[in-house]
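Chain lettering (A, B, C, D and E) follows the sequence in which the chains are written, and residue indices restart at 1 in each chain.
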């Protein structure tokens, strides 16, 4: 469609067929004059409105988007708008982190009899969008290559598993191994600093087991693919939360799982460590204590304080282990979450909306759409059916434009709303170092604010907040159109 | 595809503010559009014929009509394209009347907007595929909620038409408000004489199952197959044994119970039969006043009951009934007029409601039809009627007219004169609304033949003058003078409101209601008894103020709708339902968790768990589609691709 | 307990007895009234009849004085003063209006001004009915009274925030607690004719007359008042009302504070009873010493009805 | 006359600015901020800092963009006769001269590997050809190896000239630039840079030192044959790939991977119009080989990894005589689960074939 | 005035200067939705001064709705309104009728349409005393009023009782704020004069 003539702005409305579309009809029948900007898309129910439609519209040039459904409790389908209310509220609060003014999106309730209310809603919303003016276009915004320190004042040590404890664990696994198809752990990779996943199928494999602070892979990623097999897994607090989340969603079966739990004080941030190390050919030796990391590299001794290279996500780790362990090893006490924000989020918080959009724009120029973020995420359970790549439904063009790449990041983030257990694999595995964990951290913050401090993966019995509703929402307040 | 587009002028309704020819010219350029035109009236016979003709001559396989709201004519045009051999779902509508021409006068902007809405419809249609409805069997029984005159009429008409009826009444007797009336306007014939036989018919009809003193607990299911849980509220009397002999009510020592049926104008006993013609004629114990149930020794009723029907341990019980359709006829209640401090907050016994006045005049009422003042039992000589108490009063959030008060007030003024020859009645009114057959003549009679003084104005205050009478301060706006009347009795024509619990019932039925709790019809003119929930129909005042003849007519209309629905053994399901692409489904079950209808189940496909939609249960809300992260479950004709096509048509530049 | 206090002009003139009895009763209840220094007239009806701005400027000065004296609540016995003070607070929420008002004052008034209330409401807030009954020395048992609030105490309702505007019951609750029989008085918020006694006597005479007539018809021993102007119309101008209605009432119209004072055992002199034009002698004779604990008696009699 | 030229450290900006002035779009490695520092080839403008570190992502997008429009299509019709419509195609014709500065020999060698299928096969890809012709590659020789790279295993080394137009070698005060192709020599001759003179020897010394610092070479010559032999060894491939996440990081970072997908994407407008796009694809994704029927010849990641490695070390060499791997090591560095292509190839070389296994057991 | 046929069509020239926007003006000044009045008469029904009115409150509302400025502003009723707000309390359309009356009174004063001068005189007498003394001074008000209205016998019947009961303070209260109050009045008078000048200036343009 060509750009709009006159002073009209591009405003898209998603209206449920039964109430709000009828309300708009009622307003029409009453000849209630309204601004002409809004274009209405009729949907069966506000619950049908995937927040991604709203973002699609906003990224593709809409200046404002309005969703309107039946009043809570009046849904033609009973509960559709209860779900919509949660999802759309999360969406509204999510927009600012992308650099989109949340005032460009609103959702409300208008019944089929409320022609006057509809008139008021349309007039008011259109007025507000006009006050904001045309929306900045993501692809046209000035890229902002702003550097910041991603490190965080760390207070904690990193994990070192004592040889005795490791032996204890190995023995327990060896005992259990005969009844299991495999046990997931870690082993040394291309050198001593780089650990990789280990699939233990034999006593021989077991000898390679390693569980220290270099072991960053979230092994839970493999569990859904192993459904139908009896699998053991070694977890620390972060992995345990991922396990809980998958259990909640029924993607893995508790009966098929044996959970070996280890305490964890923190993990090493390898990308930063590599940066500090610089180019090297051979890593000859490694000694790790809770506070010091000694390396011999190309014949030279290098010493690092582990506190300087602790992963920032370990600062926010609640530490305690959700109640899912079959066997626990070591001492789990003494770890508490810091109240500080993840550095990525703190950085984005410090930017204004325009800067944030510019920042993401610059990031997306680097994104190569390798999908390492998605494929390493333990919660990305769509696997080969991701809507970012499917042709039916055709959510995304194959064009590698900044806009399409950004939309992919949005899909990934929004699909994690209320589900992300904060393991940080997405960001850790990005080859070009995009701080995409900020999107998830922000969503986790929203979910926590809206749903009484909810944190994904902490309670095996909880229902993820966006897959349920409550008739009265304590923290979601209907906006007034007066 | 080959798409035809029809831009309706709707006379001047659309063409007045939209350049329809230009919209059609633009539409012709849209992808896959091979024909575009702008007829005068698309929905009229020639308009529909033109669509059929165009489908044949242009070999169309999809049609877009841009006209009024699809909520109005979508079914009409679906039938039109079907007649021409297309699948009815290869049709889309653009609403360029209610959403465009009627809400703005800027022709340029409207034309642009209409063009874009047509573009949306075309883009949506391009993604449509023919859909086939499935036939499913239905339960040919009807639930009627509310046993007032509208519900009774609907029940009798349905039952006479051969459809088994389940009639649920909240009170202990059917009859509703009409059973309380003395006479009815404009004929002044006896209410009991015309309603009574119908009530008896209900009791005796073999196809009617009556649950009185019962309420709707829960409703599930969908048109053709509803499952209804009915709460049988405890009466403390085993009705299977009760013969309605009335011995208990004579002997009951608790004689100060509030008499709901008689609007509290006199006390009654704790165990009662509402009135002599009650259907069912069974006793009920008022728990609030029964001595036995309040820890005192009594049980007199149990002792005197010849059939041993009294059961103090009785509790609420539940019955489940399966029906295919529901008629809602829950009527109204009077608003709580005691919010009016200027009328004494209900402190003055001689200020009463019109419904109480009916009971005062009624020969079967506590006074045997003698009009007396509740305070002292004296016959009133000066009676003031105040209309619009709680009607047309925006200050208390009730701007609507209650519809029938003008008429019954005239009737009550006439009857007052009939009862007390030397009385003088005064009626304070704002406007007289008497548009029915013989209605205006009736209000004239009240003035001309019965000497009632009609005073145009509201009453500011009513208060006892300290000397046994009430002072009524009013205004005669025609005279331009305030007036003061010494009254013996003041009758308030109290406004109506939706029956208590109407909103909760609406939520159970998934139907809409307006700001005042009255249920919303599907179309205000053309579908006055239908609701937005298929198979649920409305009758009587629950939909909005109406008098007895209108309520009866609507009761019959609702029955006709039920009989039409049940004219077939099966119903066609809406094929616009969710469909699973098994390949994309990862079996996470998020759709199962969210589905409001339990219409998705998990089934094994090649050893893997996949979601499966139960076609006849899916109602097409699309919540599952919005929930499924991998887009594996798609609501037909509201798929992600449909909506994305619309979003893209609007937003992508 | 201390309460910032705005007496109003009548207190120093025509309703000196209201002032005396208010002071005495509050003292007896242990509440100190702290008069704001240097207050001025609220402007009464004439000021706002002429201009809202003038009226508000006069009131704003008083509110400002109270704010500067550290008060966050200001009580006044006079409903007319209270109405003007409250209307001013409301209007000052509008920034442009506030600017105009400030322009009339010597210096802009304080940003945060005290809330305002009637002495009656303040008393009810601070002293429970039980406490009141306990402090009583004499019983009002046998007295049939009607309470008369006048129009300004409760209107406009949103502004005054005083009970049910059609049927306030505060005086009834207080006096019932002290043993009096309070008759239902439908004209309790009707207008007495206000300040029109001077320029348009019939207005006042007829309206006061109607009120007095109903009270008399109901058999009241006295009509209890809370507004200086109403009291003057019902008492000083009772003869004019009698003339207008063509009958005699001889109905005392004391302030509620005077009745409370009597029950609390204060002397007629302390309460300025001598200033009442229609004497209260008959009523005084009916007072009896308190016997049973009245507080428990009063509510229980209510329940049994 | 030698075309060798000397480029002082301090003169880089002026040199590049001169190239920009002559119409080149100059791509340089630039450090980007992020949670992990990355070095990206991005268009250079005066004043922008230049990094000489090895880039995170290979520069293959200069010849094979992440996505490129092959052509645009649009349909036209008239209101009067909407059933009749015409179609216009509009191919992308604009290719600007591009200079890639400070890529590494392994990056440059990637271009040589891509050239064979795109330019030398049955079909000469016009889009690729035009971009390639417009490209001038200036490679910086490596001073040493690193922990993950292995160019010397694949038949090249830290100063291999293959694919480069100019090689530059860092010495004390700057770089010696040496023309490799005519294109490169002409560019140097036309430049205002001083002649390298004796500095050329210094550069040669530096290159030799680099060669000597490398780890021992592994012989991969038997890889094509061995990989062909164990092609059907499902157990081997399953074992080797069980940690694989099937993301595309390895292929997208690789200078030699050239799998692509072609899609039509509609663009909205008055008329029906759209673009035909060629965009990067990854053979590691399940969708890559998914057929319209739903059948997938490579349904699991083991088969896909087998394909990737066999292509690089077996089928490509069979067709073109060299590995389709320049040994840059990016796939090893950035694999989220540390899969190491070197390890898999070596394992394959040393794996026992099914026949051998049979022999042993018998 | 009351019995004259009203000309409702402003196109016809008429002596009654009926501002076409009068209704809107009153609505804006009073912040009340005048147009919602549907003439139920409840305001008049409860009005304690209705018996003395020449035009009932509802009739005044009607006059405003029909833009009958002269009719509305000439009503004596405006000056007889007791300000008790019973009308506002009882209005079914939640119009603050008392505020409309007060707005009309202010407008009438601005146009010098003071149809019951004694009432205004009483108010001005009161305000004069206030200006002078800072607090109201009953005897002073009375004396001033009697002089203004020439009603020298006002309330003389009450004098003996009032004096006997010492109901009226014979001397004005003395307090320090009187000067401050005087300044308020002075500034108010200046601002009134200024706005009048502004109005005249703008009407000249």
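In the analysis below, a residue touches a chain if its C-beta (ideal position, glycine included) is under 8 Å from a C-beta of that chain, and two chains touch if they have at least 3 such contacts.
Fair warning: this is a prediction, and the values are worked out from it, not measured in the lab.
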item: Contacts common to subunit C and subunit D (chain labels); value: B
item: Separation of subunit E from subunit C in steps, with touching chains one step apart; value: 1
item: Farthest-lying chain, centroid of Cα atoms versus that of subunit E; value: D
item: Centroid-based (C-alpha) most distant chain relative to subunit B; value: D
item: Between A-D and A-B, the pair joined by more C-beta contacts; value: A-B
item: Centre-to-centre distance between subunit D and subunit A (centres being mean Cα positions), rounded to whole Å; value: 32
item: Centre distance in Å when subunit B and subunit C are each reduced to the mean of their C-alpha atoms; value: 51
item: Centre-to-centre distance between subunit D and subunit B (centres being mean Cα positions), rounded to whole Å; value: 71
item: Multi-chain contact sites of subunit D, meaning residues that touch two or more partners; value: 268, 270
item: Contacts with two or more other chains, residues of subunit B listed in rising order; value: 342, 461, 583, 648-649, 652-653
item: Subunit A: positions in contact with at least two other chains; value: 1-2
item: Which chain pairs touch, all of them; value: A-B, A-D, B-C, B-D, B-E, C-E
item: Parts of subunit C lying in touch with subunit E, wherever the complex brings them together; value: 9-10, 12-14, 16, 38-41, 43-54, 57-58, 61, 100, 103-106, 151-152, 155-157, 165-166, 190-191, 193-200, 202-203, 206-207, 232, 236-237, 239-240, 274-277
item: Touching residues on subunit B, where the partner in the complex is subunit D; value: 2, 25-26, 28-36, 58, 583, 648-649, 652-653
item: Residue numbers on subunit B that touch subunit E, as the complex places them; value: 342, 388, 392-396, 430, 456-461, 473-477, 480-483
item: Complex contact set, residues of subunit A against subunit D; value: 1-2, 145-148, 150, 189-191, 194-197, 199, 217, 221-222, 271-272, 275, 279-283, 344, 362-363, 365-366, 368-372, 374-376, 384, 389, 391, 397-401, 425, 427-435, 437
item: Parts of subunit D lying in touch with subunit B, wherever the complex brings them together; value: 75, 77-80, 82-83, 267-268, 270-272, 294
